[in-house]
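Going by the order they are written in, the chains are A, B and C; count residues from 1 in each one.
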Amino acid sequence: MTMTREFDAGLVLSAFDGEVSDVKALVVLVSASIPAYVADLRAARTAGDTKKMAFMAHTIGGAVGNVGAVRLAGLTRELQEMVRGGVPVTNEAIVAIEKATGEMLTSITAWADSLGLSGEQA
Amino acid sequence: MMLGAETELLQEPGTMSVALQSTITIELDERVAVAATVHVTEAFVDEVNGILLGHDSTDAERLATTAEMVSRVVRRLRAHASENGCQSVCTLPATITHGTFQLLEAVGEDCGFLLWFRRRESKALCALSLVVTLLDEG
Amino acid sequence: MNVLICDDDASTRFVLRRILAQNLGWNVVESGDGVDALAQLSRRRFDLLLLDLEMPALSGFEVLEVLRESESLREIPVVIVSQERRPEVIMRLREQHVAGYLLKPIHAEQVADRLANLRLKPRVHTGPRGDISNLHLSRGAPSILVDGNLDYRQFFLAEAERFGPVRVAESAASAVAQFRKSPVDVVFIGTQLGVMNVETMVRKLREAAGDRPVRVVCIVNDAKAKEEAARLGCDDTMARTMVPSVFTSEFRRFVKPSGPVAVLQQMLPEFKNAAMRSID
């Protein structure tokens, strides 16, 4: 069973009773939506819109929770707490989220592809 | 007001001997046909003509006035249909003079309406019947 | 069970849909924001709303507030699905009487168990009156009369059957059983119903009807009974009488108009008035 800091394959498979087509559909949805959310988060920081930053961090956290992306979800939670605490959101915080997103997407896409190729369920 | 004559609607049905009647049939949305007929007593049509023409009317003038009355009714009904998005086509007026005066018959409530009017001054009567038939029933 | 999922994240909606449809066999409709969810809720009947809190345009809290102020939607059970863990938020949700709270990330088994344990029932159809006012007795659409009084049943049948077939029941239980077997558009409820009272009978009828609208008419003796009938969930009332002319004038309201005049009146409701105005 694939259990990395990037995502939780067990969680994904249990949500869909191991149904590969559904797993793949979810991965496609996540791959399509998360980069857009992260781009919105970056734009909100550039605009100095802290409310929007908190909102986007919340949205990313909720979405990546569906694939058990613990590390990325943790980073978004930290960012929300920074906003709530009135702490300026640093560029490094955004970069960390962007990096974790890239790693999560690479990892989960490779895993989903392997499901289709090998017929294994991880 | 009908052609200058003050009229009022009667709440209760009257009885009248019809001298002339003029009918136009309107077809609505190719679904129903409404035969609108104005029935007038001799007194009523003569009084209207007296207002319109200022003199005693000839038989031809009585016919023309009765036909004009039903035409006015039908114009209003077609305008109402048009306002409600309903297509209408109608016939030319067919006017009948009764040599002997004929008692106006009732119209069954399921197939039409019979509305009674009278001149305010003289109480001379006229009636409007609307007899409805379904076109798809032949 | 018809469920509406309202969440701005497509992957969350996808996961929830899969769990509800596969694990619980529920019918699921998705909505991507609060505005659309309210529109969907007003258009069709749902038995449950799964609602995210953080959404653009209209937040979950705002959707809840609108629902609780709505006459027709205030009773819909709402389960919040959110990653929000702050106590003050949970307290605020309690005040809005939410049926449950599911924390994200979503775990399939946990969600299925929690929702199954809510023991939700399909909601009774309480559509707008426009839905039922078009329901009539006609030659092709029978109605049911329930009344324990034999004389009244016979009188009702004699007077009503010229407008259309009427099936009679001696008790509410029998009427409900008849309705389940073969639903009708209009049910007339009289007196002496047996062990089942009017309120229970109306509820059973509506449960049996499901999405199908049914017009429930209570036959009443006086104004007080008329008010009571409305409180018990009846759609209409008619006066209880055994005077044929009075009965007919009351009963005609529940009979489908037929004949050429009825067709004309459907096409042009003000036709007669327009004719009157053309001369008067």
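What we mean here is this: contacts are C-beta pairs under 8 Å (C-beta built on N, C-alpha and C of every residue); 3 or more make two chains touch, one makes a residue touch a chain.
Just so we're clear, the structure is a prediction, and the values are computed from it rather than from any experiment.
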item	value
Path length in steps (a step moves to a chain that is touched) from chain A to chain B	2
Of all other chains, the one whose Cα centre sits farthest from chain B	A
Distance between chain centroids, defined by C-alpha means - chain A, chain B (Å)	80
Chain centre separation (chain B, chain C; CA means) in Å	48
Whole-Å gap separating chain A and chain C, where each centre is the average of the chain's CA atoms	42
Residue numbers on chain C that touch chain B, as the complex places them	258-264, 267-268, 270-272, 274-280
Chain C contact footprint on chain B (complex, rising order)	1-2, 7-9, 28-29, 31-32, 34, 36, 69, 72-73, 75-77, 80-81, 84, 86, 109-113, 115, 117, 126, 128, 130, 132-134
Residue ranges of chain C touching chain A (in the complex, touch as defined)	7-12, 14-15, 18-19, 22, 52, 54, 56, 82-83, 104-109
Complex contact set, residues of chain A against chain C	11, 14-17, 22, 25-26, 29-30, 32-33, 55, 58-59, 61-63, 65-68, 73
